[in-house]
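Some structures are shown below for you to check.
The following pair of complexes shares a single chain, subunit A, combined with subunit B in the former and subunit C in the latter.
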Partner chain A sequence: MDTFVNFFLGGFANGAVIALMALALVLVWRSSRVVNFAQVGQAMFTSFVGLTVVDLTGSWILGLVIAIAAGAVLGLIIHFLVMRPVRRADSSGAIIATFGVLIALQALAAMIWGGDPRAYPTPVSYSGITVFGRVIAITPYDIFVIVAMVILVLILTIVLTRTKLGLSMRASAFNPEVARLSGVRVSRMLAAGWIIAGMVGAVAGVLVAPTATLSPNSFDIFLVFAFTAAVIGGLDSLVGAVTFGIGTGLLLSLVTGYSDASNAALVALILLALNLWFKPEGAFNHHKARSV
Partner chain B sequence: MIRTLVVRSLAVTTSVAVVAVGAAGAAQAADPGVSKTEIVIGTTTPLTGPASPGYKDVPAAAQVYFDYVNKSGGINGRQIKFVVKDDKYSPAETVTKTNELILIDKAFMLMGALGTANHLAVVDEINKQGMPDVFINTGASVFDNAKKYPTTFPFFPSYQLEAKVMSYYIKNTPDLASKKRCFMYQEGEFGENAGAGFNAAGMTDWSAQASYLPTQIAQGFGAQVTKMKAAGCQLVVFFGVTSATAVLLKTAAALQFKPTWMVTSVGSEPTVIAGILGSSATAKAAMDGMLAPSFLTPITDVGNPYVSQMKTLVEAAGLQWNFYTYYGVTLAYVTSQAIKAAGPNLTRKGLINALQTQSRNFKSPASVPMNITATSHQGLTGYWIGRYDSAGTLVRLGKPNEVYIAGNALSSKVKVGTFRPPAPTRKLLP
Partner chain C sequence: MRDLMLRAPGSRFAIHAAVTVAIWAVLTWLNGSIEPQLSYYLALAAMYATAMFGMTILVGLSGQVSLGNGALMAVGGYVFALTSMKWSTVPIIGVPWNAVWSMVFAGLGGVIAGVLIGALGARLRGPYLAGLTLGIAVGIPTIVNRFPALLGGDEGLKLIVPYPEGGYPEAISQQEAAEQVPADDAFLDEFLVEELPADSATSAPADSGDLLTPEEAVSGVESGDLLTPEEAVSGVPTDAPTDAATDTALVVDVPADGVDAAAAVGSDFVLQQWQASVAIAVACIVGFLAINLVSGRQGRVWQAVRDDPVAAAVVGIAPAGAKVSAFVVSSLFAALAGAVLAQILTFVGAGAFGLGLSLSLLVGVVLGGRMSLAGAAIGAVLLVWLPELVDTVSGDRGWPDQITNNAPNLLYGLLVVVVVLLAPGGIMGAVSGGWARVRPQRARETR
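After this line comes the complex of A and B, so read on.
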C-alpha cells in the first residue's frame, strides 16, 4: 500500500507538467487549428533563458518571470514569421512548419548554450517529506509544481471564460467568419493563442527542468505524453488536457514502478489507439468527430 | 636514319608505357588513405545531442595527441590526419558518416568509433572493405569476434565482463554479499549485455530490477527509485550513461534513498556528473562511497608517468582533464604504436597483423593485460574496483595492483591477479 501511494504521489508532479504542456498544445489548437510540435522546443528555449537569468541574478522568481515573457515573445515571433506565411497552405503544411521550428530552436539552443545537460535550481527544498516517520515520494518542490499548475489553470479559466479577450478568442476559434463580422480582430486572436500558449509552455519548462536536466533535447519525451493527453482530452478542452495530463503522469509512474520503463512509452501509444478507436472526438470534446 | 629514329622513338614510348603501367599497378595495390607522407584516420562519435556530454571529449583529446606526434615528425615519416564525424548517436547518421569516411575522405582506418547500435549498423561494411576498425568505443561483446569481424578490435573490456567482475567482487566482499541487492539498467544492448554477464556469473537473485529508456532521463527516475526503495535495496548496481547516473543520484537524494551504489565504468565520470548536478560539491556528496570498476591507472595518480604526461598534453591544449580526455589520449597513443609496429610499408593487412602479433609490447596506462591474437580480439581483459571518496576521487581498493581478469569475456571465469603497466615510451611518442 505504501508503495502504491508513493508511485501515485511521484506521478502527480510529472503529471502536472504534462498537463501544462498539453494545455499549451490545446491553446494553440483552439486558436489556430494547428498541432504545435514546436511546443516542447519553445519550453526548452525559454527554460534556458530562465536559467541564464537565474545564473546572472540568483533569483529563481525573476528567472520564471523572464522565461514567461520570453515565452510570449517567442510565441508571437513564431506566429508572425512562420505560421502566418503558411496559413494559406493546408493544415499539414502548418504542422510540418512547426516541426521545422522545433528543429531550428533545438539547433539554436545548442549553439547558444551548448549541448551538455545543465542543472536548473529549485526555489524550495527538493527532499522528500517525512510523514509519521516515513519519507514519502513527494517533495516540497513537487507540491510547489502542483500548486503552480492549479493557479495557472484557474487564471486561464478566468481569462478564457470571464474576459472579453477570452470571449473573442473563443468566438474566433468557434467561427472566424461570424466573429469577424461581429468586430473581432480574428488574426489578433490567433496571435493571442500563440502568446498565451508560449507563456504556459514556459512555466511548464521551468517547473520540470529542476527535477532532471535541461538540454536542447531534454523535453522531447514530453511532446509524446502531452500530445497523448491533449488528444484524449479532445484537443479543444482545457479540462480534458489537465485531467488526462495528470492521468498520464500517474499511469506512467505506476507502469514504470510495477512493470518496467519500456512499457511506459507503450502505454501512451495504447491509450491513444484506444481513444481514436472508441471515442475519436476525445473524452471532453463537445464537437463531432474530427477528420484524421 | 629515319627508320632508326622511328625504332628509337617506339622503344622510348614502349618503355615509358611500361613504367606507367608499373606505376599504376603499384598504386592499385596500395590501400586508400595512406601515402608516403600521410595516414588518414576516421571516427564517428556524438559531438552534439543528448549522448554527447563527455563522449565528445574523446576525439578532441585524441586529436591533441596526434598533433603532438605530428609535430615530432609523425609515425615512420607520415603525418596523421584525423577526421572526426558527428553522428549524434543516431545509427542512421553513423551509416552516412561512415560512408563519407570510406568514399570521400578515403580513410585508411577507423579509430574509436562510438556506440553499440551505431557500430552494429556499419561493422559489416567496414570489414568488407578490409578497413582496420581499431579500438571501438563500445563494450558490447558482439564485436569481440575475430572470425566474424577480422578487422574490428575492441579496446575496453566488455560490459558482460564488467558485470561478471562486479558479481565476483560482490560475492567475495562480505560487506556487500550480505546486502539486499538490486539492478537498474538502460534498456537495449547496453543493459542486456550487462544482464547477460550477471546471469553468466550466477547472480540472478535481485530483490528488485528497474530500467529506463534514454529518452526518459528528462522525467527523473521517481518511479524507479520508489520501486527500489520499497524493495529495501541496500546495494544498487547501475548500468547507464553518465547523465542518467546524475539524474538517478538526484532523484535518490530527493527521496532519501541511500543504498551503496555500484556504477559501470562508462557512467560514472565525476566532472560530467558535477556539471549536471550543478556543482562539484553536490556531485562529490552524492558520489561519496560509490563503487566503480575501472581499467586505467587512476586518473588522479599524478605521480604516474602516463597520467602526468597525458594531463600536461591535454591541459596545454585547453581541454579539461577527465576520464574521457585521458581515454582519448590513451586510444591515440596505443593506435600510434600499432601503426609504428606495422612498419614503414604501411598496409591495412600489415596493421592488423601488427595488432594481432605485437599487442603485448604496446605501452599504455591500462592497468589490466591486453589480449589480442589472430583468434581473439578481446582487448583489455579486466578491471580493478575503486570507491569514490568525499573528495570525488576513485580510490583503488584491494591489494596493490590487484585486478579482476578473464581471458575470455564470455566463457572464462573471473580470477584475481596483479598487473603493473610497463613504463611508457620516451616522451610518450610511439
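After this line comes the complex of A and C, so read on.
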C-alpha cells in the first residue's frame, strides 16, 4: 500500500507535464485542425535554449522566461513558414510537414548542442520528502511542477474565457467563416494558437527536462504520451487534455513502478488503441475521429 | 498501337514482367561490377525500396499517413531471425529450412501484423492514424525487452544466415563489425548501417577484395545465386514448393552446377555482394507485385477511397476493406524489407527498427514522390546517397562531426517541408509534371 501511494504521488508530477504537452497539442488542433507532431521537437529545442541561458547566467527563472519566449517565436515561425502555406496542400501534407519540422528541429538541436544527454538543473530539491520519518516518493520539485501546471492552466483558462483574444480564438476555432464575418482576424487567431501552444510546450519542456535528461530525442516518448492524453480527452478539449494528461501520468507511474519503465510506451499504445477502437471521438468531444 | 497492347489481356502483366527482369538484370550486373562497399549501399537502397513500395501504396495511394512501417519491419526482421536460427534443422515439405523459408514466414508475420493494425487504423482519420502509428513505432520495439530470453532484449539477436559455402569466415567478421558499432540512439538509425562499411572495410579486403575481377564477380553471382526472375518470383509463398529445389541452391550450395560455380562461390564470395543480390531479388519481386497491384483495379480502388470514401462506397467499393488491404500489402512489403535488413546487418535489435527508421521511410517516400513506385525507388537511393554526399562535402570543407552527422537529417526535414509546400508529388511528381508540359497527350495516357 505504501508503494502504491508513492507511485501514485510520483505520477502526479509526470502527469502534469503530460497534461501541459497535451494542452499544447489541443491548442494547435483547436486553432488550425492540425496535430502538431513537431510539438515535442519545439519543447526540446526551447529547453536547450533555456539550458544555455541557465548555463550562462545561472538563473533558472531567466532560463524559463527565455525558453517561453523562444517557444512563442518558434511557434510563430513554424506557423508562418510551414503551417499557413501548407493549408493549401492535401490533408496528408500537413501531417507530413509537422514530421518534417520535427526531424529538422531534432537535427538542428543535435548540431548546436550535440547528441549527448544533458542534465537540466532544478530550482528546488529533487529528492524525496520525509513525512513522519518515512521518505515518500514525492519531491519538492514534483510539487513545484504541479503548482506550476495549475497556475499555467488557470492563466490559460482566464485568457481563453475572459479576454477578447480568447473569445476571438474560440470563435475562429468554432466557426471560421462566421468569425471572419464578425470582424475576427481568423489568421491572426491561428497564429495566436501556435504562439500560445509554443509557450505552453516550452514550459512543459523545461519542467520535464530535469526528470528526463535532455537530448534531441529524449522527448519523443512524451509525444506518444501527450497524444494519447489529448486524444482520450477528445483532442478539442482543454479540460480533457489536463484530466487525461494527469490520468495518463498516474497510470504510467504505476506501470513503471510495478513493472519496468520500458513498459510505459507499450501501455500508452494499448491505452490509445483501446480508446481509438471503442471511443475514437474521445471523452469530451463530439467531432468524428473515424471517417468510414 | 500502344493502346492495343495495353488492352490485350495479360499484356500489362507481361510488360511489367519484362521491365522487372530488365531492372533485375541491370542491378545484378551492377552489383557484380562494383566495389563491395558500394554493393553494401546497393543492398541498403534495395531494402529501403522494398519497404517504400509499401509506403507508396499506404501513404500515397490510399492516403493513410503511417509511421508504423519501421515496427512492421521489426516484425519481419525478428521472425526471420528466430525462424532461421531456431528452426534451421526443421525440414518443411522435404526441403531443409533455409533463408527462403524464413522470408516466407517473415512475410506471413507481416501480413498478420498488417491485418491487426489495419483493422484498428483503417477506421481512423489522418492525424489519429498518424498518432496511433507513431505509438506503434515507439511502443512495439520495446516488446523485445519483455522477452529477453527469446528476443535478446536490448542486445538484440545475431543472425546465423545460411550463406553459400565459403561465406562463413567473412560473415563472422561482419558480425564482429556489427558488434563494434555503438548501440547509440541517434536519430535516423542509419548509424548502424552507415558505420558498418567502414568497419567491415578494414576487415574484409584481406579476405576478398583482392580476388575480385568484375567478370569473376558477375559469374559468381549469376551461377551461384541461380536467380532467373521466374525462380526469384518463386520465393513468394505461392510457388515455393514447386521450385523448392532451386531455392535451396539459392542460399545453401550449388553442387549441381559443377566445379566452376562452386569454385566461384567458394573462393570469391563477397558478403556484401551476396546481401545485395538477395536485397535486389526481393526488391524486384516486391516491385513486380506492387506495380501490378497499383496499375490494376486495386490501385484505382485505393485512390478512389482516398479521394472520396463516400463516392467509392456508392460505386460498390468497401472503403474499410480497401484501407485494410493497403495496410496488409504495405506490412507484407515492410516485413520482407525487415527480413532483408536483418540479413544485411546480420543482426536484429530494437534500436535498428526504431522511430528513426519509420521516419526515414516517410522521408524517402515523400521526397521521391509518394504517388509513384518509381518515386519510392528514387527516395530509397536518396536515403542512402544523401548522407554520403554530405559526408563528402563536409570532408572537403572540414566540418566538425557534430555538424556532418546531423546535416543529412536537417536536410531531410527541410526538404520534406519544402516538398510538401512546393512539389507535393516529390521528385517523380516534378519530373512527370515537367514531362506533361512537354508532351501533354502522352502524359495523360500513361497516368
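The criterion applied here is as follows: the second predicted complex is superposed on the first by the 281 of 292 C-alpha atoms of A that agree within 3 Å, B and C clash if a C-alpha of one lies under 4 Å from a C-alpha of the other, contacts with A are read in each partner's own complex, and residues count from 1 in each chain.
Everything that follows uses one rule, which is that contacts are C-beta pairs under 8 Å (C-beta built on N, C-alpha and C of every residue); 3 or more make two chains touch, one makes a residue touch a chain.
Everything quoted here is computed from the prediction, not taken from an experiment.
Trainee: Looking at the overlay, what does A:Ile77 touch: subunit B (first), subunit C (second), both, or neither?
Mentor: In the superposed model, A:Ile77 contacts neither subunit B nor subunit C.
Trainee: Does subunit B (first) or subunit C (second) touch A:Leu160, or do both, or does neither?
Mentor: Touch status of A:Leu160: no partner.
Trainee: Under the stated touch criterion, which partner chain does A:Val35 make contact with: subunit B (first), subunit C (second), both, or neither?
Mentor: Only subunit C is touched by A:Val35; subunit B is not.
Trainee: Touching A:Val239, do we find subunit B (first), subunit C (second), both, or neither?
Mentor: neither
Trainee: Could you tell me if A:Ile143 is touching subunit B, subunit C, both of them or neither one (first, second, both, neither)?
Mentor: In the superposition, A:Ile143 touches no partner, neither subunit B nor subunit C.
Trainee: Kindly classify A:Leu272 by the partners it touches after superposition: subunit B alone (first), subunit C alone (second), both, or neither?
Mentor: second
Trainee: Which partner, subunit B or subunit C, is in contact with more residues of subunit A?
Mentor: More residues of subunit A are touched by C.
Trainee: Once the structures are superposed on A, label A:Thr256 by its partner contacts, choosing first (subunit B), second (subunit C), both or neither.
Mentor: In the superposition, A:Thr256 touches subunit B alone.
Trainee: Is A:Val124 touching the first partner subunit B, the second partner subunit C, both, or neither of them?
Mentor: neither
Trainee: Return first, second, both or neither, reflecting whether A:Val65 touches subunit B, subunit C, both chains, or no partner chain.
Mentor: Neither: A:Val65 stays clear of subunit B and subunit C.
Trainee: Where on subunit A do the contacts from subunit B and from subunit C line up?
Mentor: Common to the two interfaces on subunit A: residues 110, 115, 217, 220-221, 260, 262, 265.
Trainee: Any idea which subunit A residues touch subunit C in the complex?
Mentor: 29, 34-35, 37, 82, 85-86, 89-97, 99-108, 110-111, 114-115, 216-217, 220-221, 223-224, 227-228, 231, 260, 262-263, 265-266, 268-270, 272-273, 276-277, 280, 288-292
Trainee: Under the touch definition given earlier, write down the residues of subunit B that touch subunit A in their complex.
Mentor: 48-50, 52-53, 56, 187, 209-213, 215-220, 222-227, 229-230, 243, 246-247, 250-251, 253-256, 275-279
Trainee: Show me the residue ranges of subunit C that touch subunit A in the complex, using the header's touch definition.
Mentor: Residues 59, 63, 65, 67, 120, 122-128, 130-132, 134-136, 138-140, 142-143, 145-146, 184-188, 305, 309, 313, 319-320, 323, 355, 359, 362-363, 366, 370, 402-403, 405-410, 412-417, 420-421, 424.
Trainee: Using the touch definition up top, name the residues of subunit A that touch subunit B in the complex.
Mentor: Residues of subunit A touching subunit B: 2-3, 6-7, 10-11, 13-14, 110, 115-119, 121, 126-128, 135, 137, 139, 208, 211-213, 215, 217-222, 252-254, 256-258, 260-262, 264-265.
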